[in-house]
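Alright, structures below, take your time with them.
Each of the two complexes below includes chain A, the first together with chain B, the second together with chain C.
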Partner chain A sequence: MIENFDLSLVDWSRAQFALTAMYHWIFVPLTLGMAFIIAIMETIYVKTNNPEWKKITKFWMTLFGINFAIGVATGIILEFEFGTNWSNYSWFVGDIFGAPLAIEGIMAFFLESTFIAVMFFGWNKVSKRFHLLSTWLVAVGSNLSALWILVANGWMQNPVGMKFNPETARNEMDNFWEVLFSPTAINKFLHTISSAYVLGAVFVIGVSAWYLLKKKEVVFAKKSIVVAAVFGLLTSLFTVMTGDNSAREIVRDQPMKFAAIEGLYNGSRGAGLVALGFMSTTESDEANENMKDFSFKIEIPNMLSYMAYLDGNAFVPGVHDIVNGYTDNNGEVHPPVSVKMEMGRKAIAALKAFKQAKKTNDELGQEEAQKELEANFKYFGYGYFNDPYDTVPPISMSFYSFHIMVGLGMYFILLFVLCLVFIYKESVVNKKWFLRLAIWSIPLAYIASECGWIVAEMGRQPWVIQDLMPTMAAVSNIDSMSVKITFFLFLVVFTGLLIAEIKIMLKQIKIGPNHGGN
Partner chain B sequence: MNNVLSKLIELPKKVWRFYYEGFRNQAKWGRQLWLVILIKLFIMFFVLKLFFFPNFLNTKYTNDQERSDYVIDQLTNPKNQLK
Partner chain C sequence: MFENLSHLALQQYWWIIDSLLGSLLVFLMFVQGGQTLIYRIGKSELERTMVINALGRKWEFTFTTLVTFGGAMFASFPLFYSTSFGGAYWVWMAILFCFIIQAVAYEFRSKPNNVWGAKTFEAFLFINGLFGTILIGTAVGTFFNGAEFTVNDFNQSKWATPYGGLEAVLTIHNVALGLTVFFLARVLGSLYFMNSIEEDTIYARSKKQLMISGIPFLVFFLFFVIRLLLMDGFAVDPQTSIVSMEPYKYLHNLMDMPVVAVLFLLGVVGVLYGLAKSYLLEKYTKGIWFAGAGTVLVVFSLFILAGLNNTSFYPSIADLQSSLTIQNASSSHYTLSAMGYVSLMVPFVIAYIVWTWRAINSKKIDAQEISAEDHLY
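== the complex of A and B ==
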């Protein structure tokens, strides 16, 4: 069936979505992270009544405002794309995607839009405490917006709480709480926002390091570093914890993704964790370019089994095990992909038969078709594939993105610890190498953050909805040329916005906290 | 009672003044940002949405029945997606 799809259209639609999502994600994490850092700084100001803290708060609020303004509404383009390029998907997900996005819109509007005005225009016009409350509400509101988006994304990774209606071809929500509190959604939300806090902290430290390097605004910079480093250290440890929870959830619900991000081809008991590895250009399976060997790897014995199941001797399935079928540690048998493909084809044929029976008012035919569909629906999407290995995500990209993200995450913990040590020893101003490193850590934080999304989205390929809808079946039947044109249009618009953000921000940083503010 | 009522009447005025003065007294970078926001929103809604991103199913079909028939056909006969 795969030969029936226009892969050029699919690839360009994916590239366009990836481009817009990745550009959108340049702006979002800084907003999420800095919002809390600013709220903490303003709390210190209100508690101490020290005007230095007001200056500090106002300066970081200025940079927050620039990022917020440039990034605002960039996510709406993703919604345009759902309607135009991904209409099969948009229809198929029904109200499950619509409800969280509608709540997100309302929350974002009421919390962020209302209180952000008080945050910027309200100095000296509202009471200190009301201003502080507004700042906290902006922080909470922006993070709650993220919750609803990530709930929708979590459902795509692990579809729960719904029932498929064959009459409309839509999934209908039958348990809102199951969708909201799905472990995938909760872990995704917590891991994503905590990683955004880390990025916000690295940004504040990096910019403050620049002032220290220039020997300007020393008190301001040191105070900012203390707040950011404490916040960054706590949230980075939380990020490790949520990432660890995610790993255990992924190995249960998306084992192929787990195998791909770990570069695990053949599963085993007591599986080792590849801490560092390079994949060779030699293909282990010559017929499949996606399958690579490790030319070099440093492995921690039993660690992968422990990470996945909290048991160093547990069995972790690899790519070949998942393709050929395996029995997990609880004795549950997971059928081979070929069996899932057969069940998927039956589900697709049953949907077609249901529609025919409906047309001819054949009630018995409808009933039989619906039974067949329900029995096979959980593997509906597998019916579109011819080769079981088509269900394997891009391994090299998933593996490298995951390891870069984790490696940089560990590096940031070290950075925060060093910040606090040097501040405590009052030697941070003299550590030029460290200040330079802190500045260069800003782009590294963005790389780690984007890698996280690559892991999440590339690792779950070829699915747009896990097991139910492959990406190739989700696209609209439109001219691929129009997708190519809009891809380049977005590239120009978003690059323009990014340049504007960097220029305006750099100007404000050069002006500094004494003459900037809002 | 009269006091509460007059305060309520004053409230919209106060809110208007709050925003009006807030926008008026913005720093230069604030005005620059508003310009960027307005240009961005114009490009997004009046160029991209209008000319490049019509809702595929809403523009091709007039009701939900037609839309679901189309999607079922796409899902069960994917050869229809061939160019």
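== the complex of A and C ==
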């Protein structure tokens, strides 16, 4: 077992993974969202045989292709970084985590990469219907790949369907279906892809609004807006629903994360929801810079309890309650973190004792150690901590990210509704303020999307696997200088490619749908 | 079905699946080989565009196979994934960088306002073709020559040198495999151009490249194979799991597994037949299929020699007993069985790839198509 952690290595490894994930997540939601919008547009083309719809489909396909390539480039790094930067993690849970990654490759990536060639180059080589099928298969393939990686991620947030094997010193899967159909995984998948659809819709509306503002390609732009606005409204409502389900999952399985994203330090019955709040720089507890007071907040009484448990008087635990121990609404007692830490230490010691007994062929010793390990394994990861408050995630970052994401999510619903109203009244072309708003909504959609990832990944710190493995215990045994160098190399390469992509996209939009992609 | 197999049988099954993916990957590296020939084969802008577009319609297969190979190794032999990737950090990072720049190069190269210019993206393709193949080949060489790592009782690994795996280039046998893969990829790339582009000058230049790349390929391949069959290998005692050096281990493996020996010889014949027939016959375009099938068989056989018949597939030269075998590095019985059902999809995946490949390649790329195509690389 690793006895001493190089915190500089942990921080740089986290920074590198966050950098890759955040860059990857710039491109993926547009791919996921636009894939379906393009498929719908092509379906209308095949149904109506109207060449205008073919032109519309091909234009958005060009932007899709530019974005897709860079998403693929950043995606491969994420997969390999599990090994290069998180090798202890890769062994500790590889028996469970590796399977979704392999299935993703076999089921989803091949579907995507095979039919994308038909989608781009098959217009004159295959039948109209086969081409349409290929476009739909690309959309399905890209969403399937999201399913498997989110199943893996969901498992990290709420590990189920496995058992720890002291012989191999790792967790081993014992129920594939439990992993696949874990409510956390399902909600995570549905919430993530539906939010990606919203981003895709906002992008199409924003770009189309630019054409309308310039009074160019008016028919093309209006048709695109109709498809995107309908798609966007439906998917944004679905995003709210899945987000709501996710919140109830989190409060049950990751209560500390819930407390952090809601900025709830002290729990209570009938807890209020902070709809808007600013955290001051003055710490309420000087010993803990992480827990800042609110200098201003607008709170909706009882709303948090209702959101979390569908009961306005339910008890919602805050950060201090979780650290010090509490009894939940079902009467289940959750021990203080200090007790969990003690149990975690016992579990780690029992694993070492088991290995020692194994070496000396001491069967009785192995049996006793295994019993001790099983009794305490639930809190295995807590054994790595020295201070209970080390188990609290960064609160202000989690709180702000969550509230920005939710606020923008509500704003997008309004945007789609307005869009449909103006289209219905045939006044969208004249609403310059709205068209400008639609253009500026594109970066907002990206901000909301990235905030979603920060909530998911920052909010669950310090855990890489909830309660079982802290992030610091997951890193590879390499020197931090190597990671620092690759961090900056990735930063330079990704930024260079992002600049190229934005410039190419802008140029393609300027060229418009009538002049092909080159 | 799979759950009734023994753990060892599942480990062998998954090694075979991974070997198949690895061998398909090497075949699909014709894309990488072709990328190093863009300026050799394409002398005018139009010719280069034809060459790049011929490759551009296939690059994702190679990329996806690489990703799937990585995912399958992670799922089936996670200790290899954690040990090699987490230790040979610089080797894998170098490979990753080679592939990041490839993914965008095709899509961005010919797009207006691409900031860095078409030449930059062509350079990216060249770097990917040159270093991607050599590095992957060299990394696979360590399956036979060993790597510098240790694994503790808790299966946590540590690299024994500060060079993050780059020390593998000091072993000539590893580099020979890297160069073999590189020149083979160029041969396959040339054969692919002959098969998929309708242009006499490109055909003629590709044919010339067959010899230019084919001869060094044969030299490095022969050196690698002869040395492999004569060297000591990393044998595992099936009773005690103790790893020891055995003279002529890989030759013994070949003799102990006659089916593999036959596949290996068939593969060699396939590669040579495809190469020679394409060089000697006028207008012959089917060489890629013989050489491609031969490549798959040879690489598959080499993987089998590395992992089966009580052999350590990832030996440690820092601590012999830390060496990885398909038994000590694998996933649990349950996971391998569950994944076994997923592997049944592989023939289905291959079938739809072949189907769409034929649909897209039913007509060769020519100058007319390039001038009419509105989605160009």
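Quick note on the criterion: the second predicted complex is superposed on the first by the 510 of 518 C-alpha atoms of A that agree within 3 Å, B and C clash if a C-alpha of one lies under 4 Å from a C-alpha of the other, contacts with A are read in each partner's own complex, and residues count from 1 in each chain.
The working rule: a contact is a pair of C-beta atoms (placed from the backbone, for glycine too) under 8 Å apart; a residue touches a chain by one contact, two chains touch by 3 or more.
Since the structure is predicted, the reported quantities are computational estimates derived from the model, not experimental observations.
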Legend entry - Broader residue contact with chain A after superposition on the shared chain, chain B or chain C: C
Inset, instruction - Would you sort A:83 into first (chain B), second (chain C), both or neither based on which partner it touches? - result: both
Inset, instruction - Once the structures are superposed on A, label A:102 by its partner contacts, choosing first (chain B), second (chain C), both or neither. - result: second
Inset, instruction - Check the residue A:62 against both partner chains and state whether it touches chain B (first), chain C (second), both, or neither. - result: both
Inset, instruction - Kindly classify A:497 by the partners it touches after superposition: chain B alone (first), chain C alone (second), both, or neither? - result: both
Inset, instruction - For A:176, select first, second, both or neither according to whether it touches chain B, chain C, the two together, or no partner. - result: second
Inset, instruction - Across the two complexes, find the residues of chain A that touch chain B and also touch chain C. - result: 1, 62, 65-66, 69-70, 72-73, 76-77, 80, 83-85, 87-88, 90-91, 117, 120-122, 125, 168-170, 351, 355, 476-479, 482, 486, 489, 493, 497, 500, 504, 507-508, 516-518
Inset, instruction - Name, in rising order, each residue of chain C that touches chain A in their complex. - result: 57-58, 60-61, 63-64, 66-72, 74-76, 78-79, 81-87, 89-90, 92-93, 96-97, 99-104, 106-108, 110-116, 153-159, 162, 164, 331-332, 334-335, 338-339, 342-343, 345-346, 349, 352-353, 356, 359-360, 362-363, 373-376
Inset, instruction - Using the touch rule from the top, collect the residues of chain B that touch chain A in their complex. - result: 18-19, 21-23, 25-27, 29-30, 32-34, 36-37, 40-41, 43-44, 48-49, 52-58, 64, 67-69, 71-72, 74-83
Legend entry - In the complex with chain B, residue positions of chain A that touch it: 1, 4-6, 9, 62, 65-66, 69-70, 72-73, 76-77, 80-81, 83-85, 87-88, 90-92, 117, 120-122, 125, 167-170, 348-349, 351-352, 355, 384, 473, 475-480, 482, 485-486, 489, 493, 497, 500, 504, 507-508, 516-518
Inset, instruction - Can you check the complex and tell me which residues of chain A touch chain C? - result: 1-2, 58, 61-62, 65-66, 68-70, 72-77, 79-80, 82-91, 94-99, 101-107, 109-118, 120-122, 125-126, 130, 134, 165, 168-170, 172-174, 176, 351, 355, 359, 476-479, 482, 486, 489, 493, 496-497, 499-501, 503-504, 506-508, 511, 516-518
